[in-house]
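Chains here go by letter, A, B, C and D, matching the order in which they are written, and residues are numbered from 1 within each.
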Amino acid sequence: MKVRRLTSRYLGPRSLAASGSLLLLASCATNAPQDTWQPKGPNAKMIDDLQQPVFAVAGIIGIIVAACVGFAIWRYKDRGQPIPEQTHGKPALEVSLTVIPALILAVVGVFTFRAIFDLARTDDTQLVINVTGQQWWWEYDYPVQNEWGITQPIISSGQLVLPIGTKVLLRETSRDVIHSYWIPALNGKRDAVPGRVHTLRLQADAPGIYAGQCTEFCGLSHANMRMEAVALSDADFAKWVANQQAAYQAPAEGTLAKEGESVFLNQCVRCHQVSGLKRADGSLAIAAPDENVWSGAAPNLTKLMTRNTFAGAMFNLLRDACRDDVWRAESAAFGEKYLGGVDESCLNVNDLRAWLRNAPEVKPMYANPALLTDTNGKYRGMPNLGLSESDIDKLVAYLLTLK
Amino acid sequence: MFKTGSKLFLGLSGFAAFNLVAYVIFVERLAIGGVALSLVFAALTGLAAIVLLINEGDNERQPRDAALIGASLWPLTTVVGIVLLILGLIVAQIYFILGIVVVLAALAEWLVQAWSESASDDPAHNESARQRLLHPIEFPVIATLGLGVVIFSFSRIMLAISKSAGAVSFIVAASLVLLIGALFALRPALKPALVSGICVIGAVGIVAGGIAGAGIGLRSDLAEAAEEGHYLHRECGVEKSKYFDKKAMKNLSLRSNAAAIVELRDGKLSAIMVGFNTPQQLITASRANPVTFIFRNFDPTERRLVASLGNAMAGAPAAESDGEEADHAGKNETCTQLIPKGAEQALTIKYNKPTIAQTEPFTLTVPGVAGQSIEVLVP
Amino acid sequence: MAIIERPTPVLDIPALPAAPPAITPSRTFGALKRPVASTGWKSWLFTVDHKKIGLMYGATALFFFIVGGLEAVLIRLQLAAPEGKVLNADLYNQMFTMHATTMVFLFVMPMAAGFANYFIPLQIGARDVAFPRINAFGFWCFLGGGIVINLAWFLGGAADGGWFMYAPNSGPVFSPSNGIDFWALGLQIAGIASLTGAINLIVTVLNMRAPGMSLMKMPVFTWLVTVVQFLLLFAIPVITVALFLLTFQRSFGAQFFDVAAGADPLLWQHLFWIFGHPEVYVLILPSFGIVSEVLPVFSRKPLFGYPFVVFSGAAIGFVGWGVWAHHMFASGLGPVSVAVFSVATMAIAVPTGVKIINWTLTMWGGKLVFSTAMKFAVGLILLFTIGGLSGVTHSVAPSDTQQTDTYYIVAHFHYVLFGGSVFGLFAGFYYWWPKMFGKLLNERLGSLNFWFMVIGMNLTFGPMHILGLQGQPRRMYQWTEARAGEGFFNIAFWNLVASIGSLVLTLGILFFLINIVVTARSKVRAPLDPWNARSLEWMTSNPPKEHNFDSIPKVEHLDEFFHRKYEEDPVTHTMRGVATAEQVLAELERNADPHIHMPSPSYWPLVLAVGLPVIALGVIYSTMVAIVGGFIVLYAIYGWALEPATAVASDFDTPSTNGHAVSTTHG
Amino acid sequence: MVMTAAEAQTTVGESRTVTNPLNAVARWLTAADHTRIGVSLVVGAALWLVIATIIGAVLGLERFDSTAALVDAGALTQLFSLHRFALVFGVAAPLMLGLSVWVVPAQIHASNLSLPRFAALGWWAWLAGSLTVLVSYLANGGPGGGAQQYVELYLLGLGVVFVGLVAVSIAIATTVLTRRNGQRLADIPLGAFSALIGAIGIALTLPVALGTIVYVWVDYVNARVAFGGAGFINTWLAWTTREPQTLLYVVPTLGILLDAAVRTARLAPLRLPLRGVALLGVGIAATVIMSSVTQQAHVFALGDTPFATLQSFVPFALFNLLPLLAPLVVILLSLLALKAGKPSLSGAFVASLFGVGMVFTGLVGSAAMHLDALGLVGTVFGEAALVYVVYGAVLAALGAVALHIGSLTGRALPDIPVILLALTGFLATVLASLPHYVAGLLDQPATTASGFDDAGFVGLANVAVALGHALMLLVVVAFGGLVAKSRRGAPINDRYQAQVPA
């Protein structure tokens, strides 16, 4: 009797559950950049389609249990009734109550299976991008793929640029510790493990910027290891590709930027590569970060000003207003605005100068010269270079020419 | 009070004092002899005091029966340790350390034995006290040493005789052990002396064989391999020795998630990479990061993959590798071993310099297969 | 030692054979004379009494609970607002690492061990555990391990690699300070406590049950704790191996997790989670056991489906070994492994669900008395259900790749571990306090404690579901306004709510501490059977005598004590009282055993356990110190081995002529 | 009574229970009873004596013709040095200590030594050390040797020898000093007393040598020459093998002679006439300690002024003449004892009398060497003095064995062969040393086989010396045969035993 009454209550809570989940949705932020329930591509959509019903079922079951317990509390509270019969259970009831959740989970399991294998496919890839994690930034390199106009490898960091509607496959690895690559709007996360190559499918439906965050704890500045995926239309992507492969343009003689170039050659090329940059004697300036940085690499700064962020996407290269302008641009206009890059009027000079002045102060990094014994004197992260203000002026002027 | 002994020592110390004075007066002052005589004076006076104190041994107490102090191996062992110690001082530190260990162990055993013998008046109890203290240490140590000697001897035998003889002798030895064990099991009432005798003969035989084996040295192939170095093959060309580690090709290729699988099939070399639907002739590899290639040979002849490590503009090599680095004919190369058809082996390379820093590109080639080359592009 | 031996006066101790030696053997073997104190600090330091050890476990764990709680509050204060400045990045990383480590290894596990130590011998009608000295050794190891782990705070900073301590970030290059060394060595020492405790309790349960107590008449708490001990028995060696490798990598230049040397860092993850997932059940099952004791008592009904609860507990114990990789869905295992572990994880929800159903049905039709213990038990059912259901949502591997390492996971496991484990432990405190200390905890303060904890817990961890689903990752020392989203209910809002909730929660726990003090100062003694309880531990005095029972009861029923007090009316099937608890107890005392043999106290467990931290410090700082520690250990092993389990006759107290005069209790 | 107890113990310990040869070996390896340790030391010394006599014979023949060379010139230095080592630390010291270990416990009514295991350590250390030294000599080590590692081996081996001798000495001295049966020191047999004096002397002086070795060794391995390197080792250590230090090693001979006299004269043990003087006389031997530790040769030379002469004479008298008193007093007292009792000729007495006489002769020679006027320093005179002392000790040892073997093993030696052997031994000793006394006066240089006039007496003297050494070898072998033969025969009653009051 009691059991029947219990099951008859199944219907009631369903409406309760519906209203409950409405409440839950209403209680959420609008436009949270890393919202996992707002898929912007088919991979994330696949996950979302799977999790929505699971959450609903879980919610309903939760409400049923709560209702039963609540009823029992109300109904069987000690009101002086005699000590009840010492019954030890009803096996039939228990078996059925065991089988029902098992069946529900079996159904969920079937759909889960399919999604797992679909999300692991690699044979339908249209564009491959190598992604390498490092404390605390990501390096992207685009292998030669003639069908995309990539005839020599493009190397970049901070922002992953990809064409919309394209099945992109990230080949992830790491140079030091384990990181995890996660753009919630495009797919779930996948760890970048040193010594291994892991794959992650990404596909964006519309142009725009999708935010992400390293989600495997990777040491001191883990919280500051962010990433942004920039989706461009095919045409815009082709333009971006062409620009990335364009030859280096040295600043004009006599300008502040030219002086900045020599400061750069003195101070920065030990670690940072700018493809095509030549020394005064005409030789190529090849960075040797492996001699100075523990992980063996520092971000490649070629075409720096085509990116919107620097220092592992911790800081914006654009002032807030200019950045909002890009981020909130309509899909159609987005590509053009993004490809416009950073000019002097939009440059976030404050953060850039602070970074150049003393990098470890604005981003926690293992750059204390006193603590370098375990890394054979090599830094992890950018050290304080002790630049003078005028050097910083010159460098900023020079960096602005890297477009 | 004053008896013969104390009188003797007092007299001697008096004589020493007299000598000291005479020496200082007649020979020289504050010389080594003076110092020594003072010490002798002190020592004799001390002895005199002791003899006075112990009343010259004229003690009516019932003496502890000195005969109770039974035989002991530890004086001899201590001396063995001392000899090792002095040999170590001269020859090699290992003997010195061994000597210290032996001396300390012997002294510890000696002390415990001495302590236990005076622990109570019951010899059985004393012996059990000693055993409770020392057996937990002695048995494992002795067993380890004994096993170590047997195993080491056996290994010397096995290393000295040929492979097939080794197998045969192993089978024979194992059968013997089984047989004798079975006999023991069938006849549990065998005399302990017989059993221990057989065991001793067996152990002595093995040790003797081991000594002989050590005298003979390694069999030829092992000697050759040892000389050459197990993994060290100087050239990426022809194998010098057929005794390289063939298992390496199986283990290393088990590594999952490699950057690329390089296949040699029908005389063509191509790279299979996840994400690329067709075999590639160009691999873009991340800089300053270990890249693992797996080489699979489908060619009927034994082949190896050779990676050129470039020629750095600076003096340092442009890449590091766990493979067999070679520097022949001025080339900076690394390679897998020769692997037969159907086998695979991994090769991990870390490219520290970009391709643009090279005058010639990084490549992967297979010697003997002309015109097939995969370029590794390092941005 | 108060009661070691109660020789009957008519029997002479037989004379030792042969002539008495001039120097007695006992003085020959022992370097130190045995401790005999039964009161004062020495009686605690050298005790082998399972009850004293249980209380010391509890007190120490409670201390670490406060420490871990303060760490948690600091974390929440840091995250209350964007760009938090309470802690810097380094300190924050240490804080969350140590919060988890403390709560898991130094609070929940030892607190459960404390309850198990205290109540398992009582529940199965034994006088002590099987290996009393090892039991004491276990406690000192746990204390030593806890001290070593926390010592790092004062010696250059605590461990900062997360409690999961993933390689290679935990290696010497990436974490050069000594914090992780302290952590790894401390956990190895504490692991000895768990391992020895596990063996001890398994042997105790299997061998020392009262006559008539078959396995299926054993109290559920004992059952589930036994399952936990088996889990520990197999899980602790795994983590010990992992920690050993880590220590060797850090202190002796080994390269087990060094990628450049050809290692695969995923090895650590597999080792850690093969331990780590069973560990989750190690944390939760004792609380399930407590709740399964509390609910029947306060429902006045036996546990619904006792065999189902027992077997589902055992099933969890088995299946728990096959789901570790669900912590690694995002680590690139490959689709087949992910699919298999995903389904296995769903499967484990079933036996867990069985427990929820059985508890609910135990209440169904009962006569529910809402004491504070009962409130916590019911709170556990509801809160654990939420945690369990959120667990089901990420057993679905694809959605787990969105949720893992976000606050959604933090919310999930806090509902499981706080709403589950901690609420269960609190139910245990309120339920067993009178048994342990002879006084009832204040119910009014208990009520405040419960409601503040429930509200605080939901305020703290409820919003974390939303935070996680909206993409806030874990283990970030700061979050930025820029990624908080828009609208009133944005990430910033929920972070603030969670931080406020943590303060409410703190208040709730403060009420508990106040309650302890108030109760301790109160003069009111608890009645013999305050809750109308059902199992054997209540068939002795409050607190129990040192030898637990004057005579070992013969067991005929599950819930033996209840069935001695009540009989079923054959017609109405209702229960009517036939005896009071006092009468039951008096019956036992009438048949008191004349000859009770209790183990004697010993120095050696403490000495042995002191050597281990010394070795640990030596591994970190100087080999010479380690050698000193090694000698302490060797010395203690010898002392231990040469010491008879029971002291010589001269160490016994004067026997008394009746059963009561000699029975003192701890304290 | 005393002897019977010792006899019983020895019997139980040795013959009846030995069934398994392995057990017998183990029993000797683990021995901690005075009989086995003492016999081991004596046998070890006997083997070294074989080496020493052979070397002595070879050296004598080598010096017959100062131009011809039997032995490689390079090895000659080591051979001289080894001869000295063999005589002193191979033969004299272990022989006397071994006899003491064997006999003393029985003499003071103890069943064993006080520190038997320590004595066992001493025996093994002496054995290992002396063998090490032997090996180092064979491999061109030793003082002035060329092989650096073997020079080190010599030094450290010598150190181990010293450790062993000191250990045995301490065991003996402790045994005598801590006897616990109510016996007064004045009442113990003079053999035990002289063993005590000798043991104390060794225990006080050899540590000095041990310290010297440490200094020299550290100096040597660090390639410094503060102590002069390998060539100067003897400069620092030679005093341990020179008279009068050697007297300390052979002090027990005095007790042997006195015990033999008492026995031969059939006196009760404590009825030796002027027993107090005997104690004093033996005690005087200990004054050698003083001379040794000064580590200098105290030469008497006439000075320019009386004080200068006095300055030279007093140390000479203290350190060279005073020790002479000890054997002199003992010899006189032993003869007095014969006069006081009813003596019958016994091998033990003859051998020990010859022995102490030889020791005395050697010491006289040593004193003569310290007379500046004679100019004997650097001649073979010194070698002859040492041979006198050591061979004297050997003769006394023959006597001691003959004296005690009966009571200790129950099998006595026949007197006549012992007397004959003693006479032969005396002849051998005289042959091996007296010619060198003369040659020394004729300025034959020591430690060289060339560069002297070998015409006439000197060459013949060297041949006589070689013959003497060879004869000594024969005596020792014959005595060994005698002892072995007696072991085969049935136990006979010691004819002295009946006269020992119960």
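The criterion applied here is as follows: a contact is a pair of C-beta atoms (placed from the backbone, for glycine too) under 8 Å apart; a residue touches a chain by one contact, two chains touch by 3 or more.
Treat the numbers as computed from the prediction; the structure is a model and nothing was measured.
*Asks:* Please state whether A-B or B-D has more C-beta contact pairs across its interface.
*Replies:* Of the two interfaces, A-B and B-D, more C-beta pairs touch across B-D.
*Asks:* Give, as an integer number of Å, the spacing between the C-alpha centres of chain D and chain A.
*Replies:* Taking the mean C-alpha position of each chain, the two centres sit 95 Å apart.
*Asks:* Between chain A and chain B, what's the gap in Å when you average each chain's C-alpha atoms?
*Replies:* About 51 Å separates the centre of chain A from that of chain B.
*Asks:* Please report how many Å separate the Cα centroid of chain B from that of chain D, as a whole number.
*Replies:* That pair's centroid distance is 47 Å.
*Asks:* As a quick test, compute the distance in whole Å between the mean CA positions of chain B and chain C.
*Replies:* 44
*Asks:* Could you pull out the residues of chain C that touch at least 2 other chains?
*Replies:* Each of 259, 264, 332, 334 in chain C touches at least two other chains.
*Asks:* So which stretches of chain B touch two or more other chains?
*Replies:* Answer for chain B, listing residues that touch two or more other chains: 255-257, 290.
*Asks:* Under the stated touch criterion, can you name all the chain pairs that qualify?
*Replies:* A-B, A-C, B-C, B-D
*Asks:* Which bits of chain A are touching chain B when the two form their complex?
*Replies:* Residues in contact with chain B: 122-123, 125, 128, 130, 132, 139, 141-144, 152-155, 169, 171, 173, 175, 193-199, 273, 275, 284, 286, 288-290, 295-297, 300.
*Asks:* Using the touch definition up top, name the residues of chain D that touch chain B in the complex.
*Replies:* Of all residues in chain D, those touching chain B are 9, 27, 29-33, 110-114, 116-118, 120-121, 123-125, 127-128, 132, 149, 152-153, 156-157, 159-160, 163-164, 176-186, 197, 200, 204, 208, 221, 279, 283, 286-287, 289-290, 293-296, 298, 310-312, 314-315, 318.
*Asks:* So in the complex, the part of chain B that touches chain D is made up of which residues?
*Replies:* Residue list for chain B touching chain D: 3-5, 8, 11-12, 15-16, 19, 22-23, 25-27, 32-33, 36-37, 39-40, 43-44, 47, 50-51, 54, 56-63, 65-67, 69-76, 78-80, 82-83, 86-87, 89-91, 110, 114.
*Asks:* Name, in rising order, each residue of chain B that touches chain C in their complex.
*Replies:* Chain B reaches chain C through residues 119-122, 125, 129, 132-133, 136, 255-257, 290, 322, 348.
*Asks:* In the complex formed with chain C, which residues of chain A make contact?
*Replies:* 2, 24, 26-37, 44, 46-47, 50-51, 54-55, 58-59, 61-62, 65-66, 68-69, 72-73, 76-78, 81-91, 93-94, 97-98, 101-102, 105, 108-109, 112-113, 115-117, 119-120, 135, 172, 176-178, 180, 182, 184, 187-191, 193-196, 198, 211, 213-224, 294, 364, 366, 371, 373-375, 380
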